[in-house]
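What follows is a pair of complexes built around subunit A, which joins subunit B in one and subunit C in the other.
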Partner chain A sequence: MSAEFDLLGPWISLCAGILLTLLISVIRTESKRPAQISALITVVGTAVLSLGKQPSEAALVFAGSFEISSLTLLVLGGLCALAAMFILGTGHYLSRERIHISDYYHLLLILVLGASVMVASRNLILTFIALEVMSLPAYTLAGFRRNDSRSNEAALKYFILGGAMGAVFLLGSSFVFGATGTLTYSGVFSASKSGGVMLELGHLLLLVSFLFKVAAAPLHFWKPDVYEGAPTPVTGIMATIITAASFLTLVRLIHMIDYGAAEMGNYLAWLKSALRFVTVASLIVGSTVMITQRSLKRLFAYSSITHTGYLMLGVLGSFDSGASASSVLIYLCGYCVMSTGAFVLLALSKSPADTGTELIDLTGLMKRSPYLTGLWTIFLFSMAGMPFTVGFFAKYFVFMASMNGGETVVVVIAALCTVVGAYAYLRAIALMTMREAAPTSGEWELTPGSQLVAVGAAVFVLFLGIIPNAMLQYLKGIPLIH
Partner chain B sequence: MEISDSLSFLLTLPLFAMVLSLVVPRAVQRGYAIFASLLFLALTVYESSGILFATSAATAARFAVEHQLQWLPQIGAKLSLRLDSVSAWFVVMNALTAVIAFSSKGVWYRKSPKLFTALGFFLLFGLNTAFLSQDLIVFYLGYESVFIPMIFMVGIWGENQKASAVFRFFLMSFLGSILMLVSVFFLLSRQVKDGGAVSSHLGSLIPVAGGLPELHAKLAFFGFFLAFAIKVPLVPFHSWLKDVYVLAPFPATIWMSAILSKLGVYGMIRFVMPLFPQTMGTYQGVLMAIAACSVVYAALLAYRSNQPKALLAYSSISHLGFVMLGVFTMKNQGALSAIFLSVGHTMVSALLFFLLSKIDERSEGLDLGVPRGLSQQFPVLFTALFVVMLASVSLPGTLNFAGEFLVLLNSWPVSTLSTVVAGFGAVLGAAYMLKFYQQMGFGASSTDPGKQGAHAEDLSGFELVLVFLLIMAVVVFGFQTSIFLKGN
Partner chain C sequence: MIDYPFLAFVAFSTIAILGSLMVIFKKNPVASAFALVAVFFAFAGLYALMSAHLVAALQILVYTGAIMVLFVFVIMLLNQDRPVEDFKSSSGTFKVISGVAVSFLVFLFVKVAFLARGIVPAGDWTVEKMEEQGGNVKSIANALFSDHILQFELTSFLLLGAIVATIAIAKRKGSSGRTAP
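Let's look at the complex of A and B:
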């Protein structure tokens, strides 16, 4: 047992940090600074602890339902690092919106805990619990601007739909249990050799609930409204931490079935065409609707639907070779950093929150702040997949994965969608650099914390865009699926 | 062939100059940019002189340099740079274009000059990456990164309503290049399927492309062809060009017409010809016809233009039609004469736009059909323009004449009809250029003294020397055809 606790160290330290932060926020209600510092120390400490460990092989604890491996430790460390970036980079937004209260921090930490456990889980019940642990703080955080009806709408919409999808997940779990008599991933994997409609239906329901979480079209409709209504840092957290964890869980759920078995051949073919449809739909819906958006948050909502589509390209490629699954990890790594940078910058907008930050607020930004324009340009170019940014290599790997999986037509469609999407990003860049500022265009303020985070993210994006060797070497060595 | 690492300076120096330009004071940016690009030109010519001035293919091959640097073993991409009798010309043209573009004066040296110079050097870097790389992924990175400075140059220093022109330029070019990338991916995935080590080096992709089934080869060819046809541009794909040439600031126009268009020519010669010789052979008739139509159609459009920048833009497409006609002959001599004509086109079209920018500095508005009588006011400038114009209409004795003549000579046996049609375009070329010159320079002397008053200076000093040397080069190389025709 003590060995297990030793392995679980990073998660335990995160839990301890949550309790500490909660305690501080109860004791020191008048100031939020102590809670912020406590949360920051917790996530940084956990990130260091988990990234420092490099177990050569996976260990399963708690009766095979919790996996401790290089992947799950990387996910925990990565999510904590993202959380640290948000805590450091967006505190001023909360103050400006008068929602800077201590509760924000322990809710955020609980969300990170849920997200990291969800990826580490090898048991459907634990996955469900972790899903709820991740989602409940997210619903609350989305409604943090409680005097704003949009924020309330976002929270309610997210809660009801998220809750319904949680129920779908449970229904799927019960079907899978009925068919196989087990809830562990490995048990389902070995039982799936005999096939069966019940198992297929249950598996499908599990996938549907997570396709909803990552907002793959046609299950994307909630995303723009929730993104727009939630406070900007929370939107950023949804776009990065929740998306990354949900996507990795989705990949693991997809691969909990043994597709090598003869009985699953039909199901595999059917599932592949369904996923192909989801991929193409996400790409087309995301990129085409993105160019009509005026609100920056909605634009990023559709942009993240497109990114889901690109990630699905990697998943499509992963059926034939497990190595292609690492393309998903590479894409997520690049995507999370550039999105974090973009949302930290978005939180700098001083436009009144009830109208939201519009594309028009970027107009003529270069005259007012060349520095901020440079940072925006780097992140937007990276999202468009331009060379010398991490976005290019992220796209390279998912395109290659899908191409190796024989999905040439899907890749061509994805390439065309890249062009359409690039137009949306270029439009934002054009507004900043090619137009004169209008009196109506919004104000932006730079704070030291956000500056540090944004510059760090930008350096990361450019560095990995030119010399990604170390990252590729590291991420390719991490087995995403077994 | 010699393996050397002396080539990497062709990539690192522009980047170094780019960083330095952010430190150099605003007031001396133009001087710095010209000086640095001249220095770079000298170094480039020195590095490739052995190849450029060799009189036989064997000598040139002896001087060819290949430089390999491990970059991304995970995806099989190497930084393999190759300077040989094809790329040497393009690299030198690139450096030369930078000198001419940086020499033009205008708003770009008043409003954020540091950014302008930095973008210019980045462009130099991106183009050199594309021209030198033997690796298709690295080539794509260079090819695609060229958009970034171009978008900003047009967007920041361009004229009104530039945004839509920028978008059209970007979207069409990006559409082409991403389909090319998909084609590269397709070839790479075939390599994976065949079980070989993944490498995006041209040499290892040629056998893969050769082994493709016919339909697949055609589709992959189409991806490459579309990218380069949009870049050149050939006629059905040229709709992005006019607006962006007209609205762009002069240096950006110089870069686009003189060297960015050559990316298409280079890509076609370097990559498409060796990768898809059979498919290209199948479509040769169509390709030749497209090139010939480009010549004539663009010439007609040029004749109809009443904006000098648009006229020169269409004239540029028209001449590039000749270049592509030479490429599509798919013969060694045809490709060589296409490179030959490319060099002439680079110098002449850069000079034309450069001189036009000088006229723009001295005159109120540039529309044709308004008599200004500027030739009396600025005799030196207009004499230079006259000589360049003659080179542009391929007067015998100039580089362009020799180039066009050789192209037509080589294309005649391949497709007589296309050759005749293209030859007709050459006649139209004389018509619109004479119209251009007459309306810019002659006519009743205007009472309007121009932007800089009656005492505006004629072409002089550094600019005069630069123009004179370039004109000399156009004439001298016109007689020295042997250095181009040595084979590759």
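Let's look at the complex of A and C:
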């Protein structure tokens, strides 16, 4: 057993960092700076540790519950890197909102731990506990602006709906356990050859709970309100870390079943049409409602619903060949970096928190700060999927994956939705560059940490948009499903 | 010959279902809490019927003993022992939609229950196999502290996060300018 713990090195260093951050915040109560630095060192150190070692083969430890492979280490490293960007880039927002306290960093680290364990989990109980470890800090962080009623509403809504969906996941697990007598993914995979209605219902309930987490329409209703109410850095963390981890787990849960078996043929056909519906609904709802939004956070909420739709395209393609699943990984990689950049920029807005940052705050930004406008333009272009940004290649690969899976109709709808969505992003750019600032336009403040993060993210977005090959080769070599 | 286990099953299930309906529909929080106690006892009975005696005992000790005491304590502290009257009544459309959704779910579960009647328990955790491993307590302890040790350890981080989250929310009541450690 001690050998198994040895393999867990990067996760254990994250756990140690969590405890250290808690200790530091207890000893040095008068300042939040030590906790911030300790959290930053923890995530950077964990990222280096996990990206540094790339095992050639996947190892399953703890009776098949936990997978240590190039994928899970990449996810741990990637999530830690995103967390580092948020810690570095959004401290000023927390100070301005007077929620800059040590507990924030402690909860953020626990969230990252839960998210990374959830993706590595190959056991339904472990997935559930990791899901809760990830969600519980998220509920709390969403309500950190205690005196703002919308922040409280966001926390409560997220908590109640998330808790109910956790119960749905447990119900699904118990059905799967009743049908197969095992909780490990590999055990369920081999037991699913004989089929059975109880297994199908259980599997469906598992998927529903995670479709809720990634806010696929029609389970998206919570997202705009929660995004709007939560503090901006927390919204960013939800849009990147939580979405990425939940989506990867969703893909693994979908492929927990052996669809090659003859008994599962009907279920596969049914599941595919249900997922097709979810994909199309997310794309249409997200992109059409997005163009009517004035609040930037709500705009990004609907934008992330369309991104869920695009990611689902990759999932639809993955039924026929497992290789198509790597398009999901490529998309998530690009999406997380551009969203992090966008949310770090959004946290620079000084407009009063009770109204939130609106499109009008962007007007005339070109005159006021061409530098900031340039950064915004890069991220918005990338979200729209323009060439020379990583967003283009991300969309290209999920479209291709879906085409190869024979989903031509869905791909055509997705392409149309891209055009509709591009209107929303281009309108924001037009407001920045072609309009004069309105008297009510809010101020933006640049800070060194946020500049570093935003410029880094922008370079990443452009670099991968122009020279994507190295990264694509690397990501394609990582098996997402077994 | 009377089938006593089946009779007991029917009795416990009826108590559980009626009790959980009472939890939702009682306007007095204390009455809801005590209906929940009845539900927990009925569950314990169901577990015992399935020869899971340890789980039945834990159900009563943990849920009825510890968690319900906390529930009642919180109700007492919040002084919410009077019926809540100011609930807004939900709209007709909402009632129709939720009614349809609930009846569909009930239909689905009943249908699956009938289709799944013939299923024989599989895997390592059937009653017979647990007997072979030395009974309830031994097999659960073995599973919990060997194969499932990671889940067990991760739960401690869940609890740690929950404690910090509670303090972070509760300590900053009033002005958000006063920062907590």
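Here is the rule we go by: the second predicted complex is superposed on the first by the 481 of 482 C-alpha atoms of A that agree within 3 Å, B and C clash if a C-alpha of one lies under 4 Å from a C-alpha of the other, contacts with A are read in each partner's own complex, and residues count from 1 in each chain.
Rule of thumb we're sticking to: contacts are C-beta pairs under 8 Å (C-beta built on N, C-alpha and C of every residue); 3 or more make two chains touch, one makes a residue touch a chain.
Bear in mind the structure is a predicted one, so any value in this text is a computation, not a measurement.
Trainee: Regarding the shared-chain residue A:22, is it in contact with subunit B (first), subunit C (second), both, or neither?
Mentor: Only subunit C; A:22 stays clear of subunit B.
Trainee: So, does A:416 touch the first partner subunit B, the second partner subunit C, both, or neither?
Mentor: After superposition on chain A, A:416 lies in contact with subunit B alone.
Trainee: Can A:396 be said to touch subunit B (first), subunit C (second), both, or neither?
Mentor: After superposing on A, A:396 lies in contact with subunit B but is clear of subunit C.
Trainee: Tell me the contact category for A:477 with respect to subunit B and subunit C: first, second, both or neither.
Mentor: neither
Trainee: Under the stated touch criterion, name the partner, subunit B or subunit C, that contacts more residues in subunit A.
Mentor: Partner with more touched residues of subunit A: C.
Trainee: Classify the contacts of A:66 with the two partner chains as first (subunit B alone), second (subunit C alone), both, or neither.
Mentor: Only subunit C is touched by A:66; subunit B is not.
Trainee: Once the shared chain is lined up, is A:178 touching subunit B (first), subunit C (second), both, or neither of them?
Mentor: Touch partner of A:178: subunit C, not subunit B.
Trainee: When the two structures are overlaid on chain A, which partner does A:133 contact: first (subunit B), second (subunit C), both, or neither?
Mentor: second
Trainee: Check the residue A:144 against both partner chains and state whether it touches subunit B (first), subunit C (second), both, or neither.
Mentor: In the superposition, A:144 touches subunit C alone.
Trainee: Considering only the contact definition stated at the top, list the common interface residues of subunit A for subunit B and subunit C.
Mentor: On subunit A, no residue contacts both subunit B in one structure and subunit C in the other.
Trainee: Quick one: which bits of subunit C touch subunit A in the complex? Just the residue numbers, please.
Mentor: Interface residues on subunit C, with respect to subunit A: 108, 112, 115-116, 119, 121-126, 146-151, 154-155, 157-158, 160-162, 164-165, 167-169, 172-173, 175-177, 179-181.
Trainee: Which part of subunit B faces subunit A closely enough to touch in the complex?
Mentor: Interface residues on the subunit B side: 71-75, 137, 140-142, 144-145, 147-148, 151-152, 155-156, 158, 162-163, 166-167, 170-171, 174-175, 178-179, 181-182, 185-186, 188-189, 192-193.
Trainee: Give the list of subunit A residues in touch with subunit B in this complex.
Mentor: 366, 381, 386-388, 392, 396, 399-400, 403-404, 408, 411-412, 415-416, 418-419, 422-423, 426-427, 429-430, 433-435, 468-469, 472-473, 476
Trainee: Across the complex, what residues on subunit A touch subunit C?
Mentor: Against subunit C, the touching part of subunit A is residues 1, 15, 18, 22, 25-26, 29, 32, 62-63, 65-66, 97-104, 106-107, 110, 113-114, 117, 123, 125-126, 129-130, 132-133, 136-137, 139-140, 143-147, 175, 177-182, 187, 191, 196-198, 201.
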